[in-house]
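Note that the chains take the letters A, B, C and D in the order they are written out, and that residue 1 is the start of every chain.
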C-alpha cells in the first residue's frame, strides 16, 4: 500500500503515521519526491485495509497495490477451475455449457415440454425459477417449493442437471435438496448472509453479477463463498446498468476476458436478461462465445405471450434451435466443444 | 397502457391483440395514425403489467400510462406521512430530524461517548451498526447481538431513539426487540424477502436507496413494505453509482424534490456514505436540508483513525458540532425547525 | 404522440390543449380512462417535438410514438447501405472490413512499417491520427497537416484506403484532400457544426459513438450528416462510460444488433479504445464479429512502449497477425467474408 | 508515479524499466514487498504521463501520485480566483451571482421582457442562446448573429452583463464582440480546438461540465483555457448522465465542495438543465447555494409553452421571483451576499 502525503504535511503527522505502521507490524518506507512525500508500506495489505488510513491527518490518498481478493485470483490458482455439475457435466473444462429453460416454472407440463425441446438440442442443464425476485409486490413471485418438485422430477426424467435461484438464507438447505446448482441472483450478489449460507454447502453456485457491481466487487462476493469452503463457484455476467435504455442492461462482454485474466473461476453469460429483448439474444450469445465464455444461460419458452415472467426476452423453441445450430458451427470454428 | 404497433402489422395480428385484451376484461381503443396504429387500453394496468405484450407479434413497444406503485404515491395519499419514532420524535412533520452516531458499534464506552456528544447537539436519534454488510469477507462484520444490547442500553440511558441495520430475514424479530427503527441497507433494497419480513412488523423502517436503483424502483421496494401492512417507511437517499470517482457515490439531491412530488413518505439523506469523505459531509448536509429533506443521517466518530469501519467518512464530534450550528441557522432561515 | 393528463386536470386546461393541437394542424383524440385521461395526437411528430407540451398546465407526461430520426432508419430504407470507400473496398456488403494502424502518425517510416505489416494480413484500410484530441493540453496533439501528407503518401504507395480524424470544422476541406474517410471522434459526436460541415462533403464518414450517448442520440448525429446530403455514414461503437473501471470504457456489444435493427447504416467496432488494454482486444474483436459488425478498427504499433499516444492499447504486429488468423476462421464459420 | 510490477516479472524486465527511467532523467526507487515489487519514480510526472508505462513487459499497473492539472489547482493558487465580469459584477468574491434569462433568444421584445423581469429581482447577468446545440437537425438551431445583436442591445439598455454560448471556433471572435461572457456547452467541454480558441481571448469563459465527464477531466478542460493564457474561467455544473431517468441529468451537488477543494476557480450551477423540469429548479437552486456555489444560471421564460427550446424547464417570472425571495433569505443565513 502506498500512502501519498499532503504537500503541507507536518513532520509530526509523518512520524505519527510511521509509528502506527510499526505498531501494526508493517515496514514503512518513506520517499521524498519533488512535490509529494510518499510512504510505501510493506506487509499484509489486509491489516491496512481495515485501518482507515485516509482519516489520518496529513494523508492525501492511499493507493492499494494488491487486489482485495485472494482465493478467487489467478495468482492463488493458475489453472482454470473445472466444476463438476453432476450427471457427467463439467464446466470450465473447454466445452461450452448451455443452460436453458423457462424464466419461471409455471406447470410440470410446460416445464417438461420446454425441457424436452432444449434437450433435443443437446442442452444438459435445465434452468427454471421457483422463487422470483420481482420489483413489484403485485407480480407473480414463483410457485416456490412446488416448482422445485417439478424441476427435480423433470431433471430426473430427462437426466438433466438443474439450476434454480435461492433468495433467502432460510431456503438454502431446502433448495439444495431439489436442485443441482444454486443460483444467486443479481440483486443478491451482495446479500452477504446468503453468500455465507451457500458457502457452507458443497453445491455448485451460479453467482450473477450485480447490476451496478464492478468486476472487483463481484470477485469479492465469490471470495465470500470460497472463503466459506465452497470452491464450486461459476460467475455469471448478466449485464450492468448504464444510461442506455434500448436494452434492459448493457452486456459487459469485456468482463469475459477480464475475469479470465483475474480469476480461475468459470464464467457464463446470460444474454436474455442483459438484452431484455429476445431478438438480440442470438447476437449476444454468439458474441459471448466468441469472447471465450464457458457457458450460456438462455431463457426459452414455448408460449412467451403467456409466460408469467419475462416473456419478452424468451426465445421460442424454434429460434433456440436455430441459435444452437449457429453456436455449434461457431464453437467448432474457435476450437472448442459443446 | 398504450400499445404501439409495427408499421407492417397485419390485420390478423391486430385482431388477435384486441381479442386478448377483451378476454382480460379490458377495453382496447384503436387509433390509426399516419405512420403507426396504436391501441389504447383502458382498465387496470396491473393486469397488463403481467402480460408480456411486447412478446405479441406485431407489437413495436408498450408505453405505460400509470406508475407501477400505488400505496406509496401522492395520488393515494395527498398529505405528507408523519411517522412516530417513539420518545416524542416524529419525522415528516416539518422538523428536520438529525440521526447521528458511529458507523459500527465497537464498544459500549465508545458508543456512549459518541452518543452523549451528539445528544448535546440536540440529536434525538442514535445510529450504530451491529451487522455490517462488508464487501470483503475478511473485514470486520459487526459485533451482532452484543452490539444491539449496547445500543439499547445507551438509547435507554440517554432517552434516544435508536436505528440499526437488519440484513437477514431471520434476524428481523430479534433486532426489532432491541432497536426502535430498522434500517434496510442499500445492498438489500431489493432483498424482497427481507422487505416482506419488515413489512410484517409495525416498526419504522429506514429504507436506503440501492446504489443503482431508480427512484421508481426504490418506491416499488417501499411498496413491498406498505403492501405488507407497515406504512411506517422512511426513505433514505445515500448516493447512486456513477462514473465519477472523486466521491464514493454521487448524492442525488434531486431525489429529494422528486420523492416529495411522487410520494407522501418522508425522506432523509445520508451524506456520509454518499461522499465517502468527511470533508464533503457539511456541504452535502446543507444542500440536502435546503432541498427539503426531512432528516439527515450522519456518521460521527471520536477516533475515526481507529474506527473499525468507514473512519474516512466520519465527522469528529467537534466538526459535527460546527455543522449543527450551521444547520440550525439554515433550518431556521428556510422556515423549518430542528 | 400521447399526452397523459394529470388526474386533477381541469376542463379548461383540456380544452386549451385541444385547441392548440388544432391550431398546429393536428388531430387530437381524447380517451378517458379510469385513472387518467389521455390525448392521442395524430399528425407529424416533428411539429410536436418543438412544442414543449410538458410545459402546458394539466399535462403529466408526453409519450412519443415515433423515433426522432428518419433518414437513418430501417423504415426509411429497408436494405443495408453499402458504402464505397474507394480502391475497391466496400463496407456493408457482407465482408468484414478491418481497419488498422497506429493511434497517431509519428513518422513516415514508422507509419510505412506498420502499414506494410497490417497490409500483409489483408488489411485494406489504414488508420492514423494527425489531429489527436487529448484530455491534457500538455500531451502530444498530433503532427497535423504534416501527418496527413505521410498518410496520403503511404496509402498511395500501398494502395490502401485511409481514415483519419477531423476535429475542427475549419479543417474539413483540407483533411478531405488527403484522406479517403473522415473520422468524427467520440468527443465530437455532438459537435453539430462539424457534423454539418462533413455532411456537405461526399466523403465516407466514420462516426464514433459519444462516450455517454444513447444509440438514439448517435443515430440523431448520423441524421445530421445524412440530412446535409451525405449518406455515406459508417457508425463506430467504441465503448460507453460506466462505473466499471477495469476497462477504459464498456464495449456495448448489444449496439451491433440494435443498430442493425434500427438503421440501414453499417457499423464497425473499435475494441482498442473500448478496452484500453491490448490484451482484451482479441476477445472483443471476436465478440464484435460474432455479433454481426461490418468491420473493426484496431490499433497496431510496432513499438507500443514508444508510442506517443495510446501505446497501452495497441497490438504488436505479431499479436495482430495472430488475431487475424482467428478472425479469418471465425468469419468463414459465420458465413461471411473478410 | 508508482509502477507496480507483475509477480512474475524478470530481472531483465526490471532492469530495462529502470534504465528507461534514467534515460528520461528520472530517479527510480525499487521496493521489494512480500507479494509485489514496486518502483517509485521521482521527477516530473508529465514526462511519465506521455510514456505508456503499462505497455512495458513486466508492468502490472501504474499509479499516478499527482493530479494531471496544474494551473487550475489549489496547489498552484491557494486563494479563490475572483473574476471580473464587467459592469461592476465580480464572481468568486463571496457574493452569489445569479444569471437568468431565456434558453434561446427568440425576439428582441421577448428578451427585453424577460430581462426586465429578472433585473427587477436583482439579476445582473443575462443569459440567452444565439447558437443552440440541438440533438435533432430538424429542431430550432438559434437565430445566430441576429440574436447576438438583440442580446447586446438589451444588455446595454439594462446595464446587464451578458453570456451566450459559442459552439464553433470560427465564431469565437465574432461572439466575443457581442457578449461579455462566452459559454462553452456541455457537449463541447472536450472540443479542444474551441477551448484553445477561447483561451486566446481574455473574456470570462463559463465552462460547462460534460455530461459524462469526471471532475478531473473537467478541470483538465479548464487547464486548456488557462494554459492558453486566459485565467478567467468559471466552472458550471449542469448534471451528469446516470441511469436515473426521472430527471434529465443527475445534478452532482458534491462537485461544488469537490471543486472548491481541488481548484481556485469559481463554480456556478445550472439547475434548469440538470433537472429538465421547472418544478425541481427551486429545490436544486437552494441546494446548490447551501453547498457553497458562487452562482446559479437559471432559465426563465414568460411563455414557456411557446418557447422554441427547453420550455419544460423554464421558470415563469413569478416563480423566479418567489425563488429569489427564498434565495435571499438563505444566502443571508449562510453569511453570504447576493
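The criterion applied here is as follows: a residue touches a chain if its C-beta (ideal position, glycine included) is under 8 Å from a C-beta of that chain, and two chains touch if they have at least 3 such contacts.
Note that the coordinates shown come from a computational prediction; the quantities given were computed from them, not determined experimentally.
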Worksheet entry | Interface with more contacting C-beta pairs, comparing B-C to B-D | B-D
Discussion item. Using only Cα atoms to place each chain's centre, name the chain farthest from chain A.
Written reply: D
Discussion item. What's the distance between the Cα centroids of chain C and chain D, rounded to whole Å?
Written reply: 26
Worksheet item: Centre to centre, by mean C-alpha position, how many angstrom separate chain B and chain C?
Response: 38
Fill in: Separation of mean Cα positions, chain D and chain B [Å, integer]
31
Response to the item:
Expected list for chain A, residues touching two or more other chains, is 212, 241-243, 245
Discussion item. If we count contacts the way the header does, which residues on chain D are in touch with chain C in the complex?
Written reply: 20, 46, 49-52, 54-56, 68-69, 133-141, 167-170, 187-188, 190-193, 196, 210-212, 217, 220-221, 223-224, 227-228, 241, 277-278, 304-305, 307-308, 310-312, 314
Practice prompt. Would you mind writing out the residues of chain D in touch with chain A in their complex?
Written response: 2, 4, 7, 29, 31-36, 38, 40, 42-44, 63, 65-66, 75, 241-243, 245
Worksheet item: Which part of chain A faces chain C closely enough to touch in the complex?
Response: 212, 214-216, 240, 242-247, 250-258, 261, 274-275, 279-280, 282-284, 286-292, 326, 329-330, 332-334
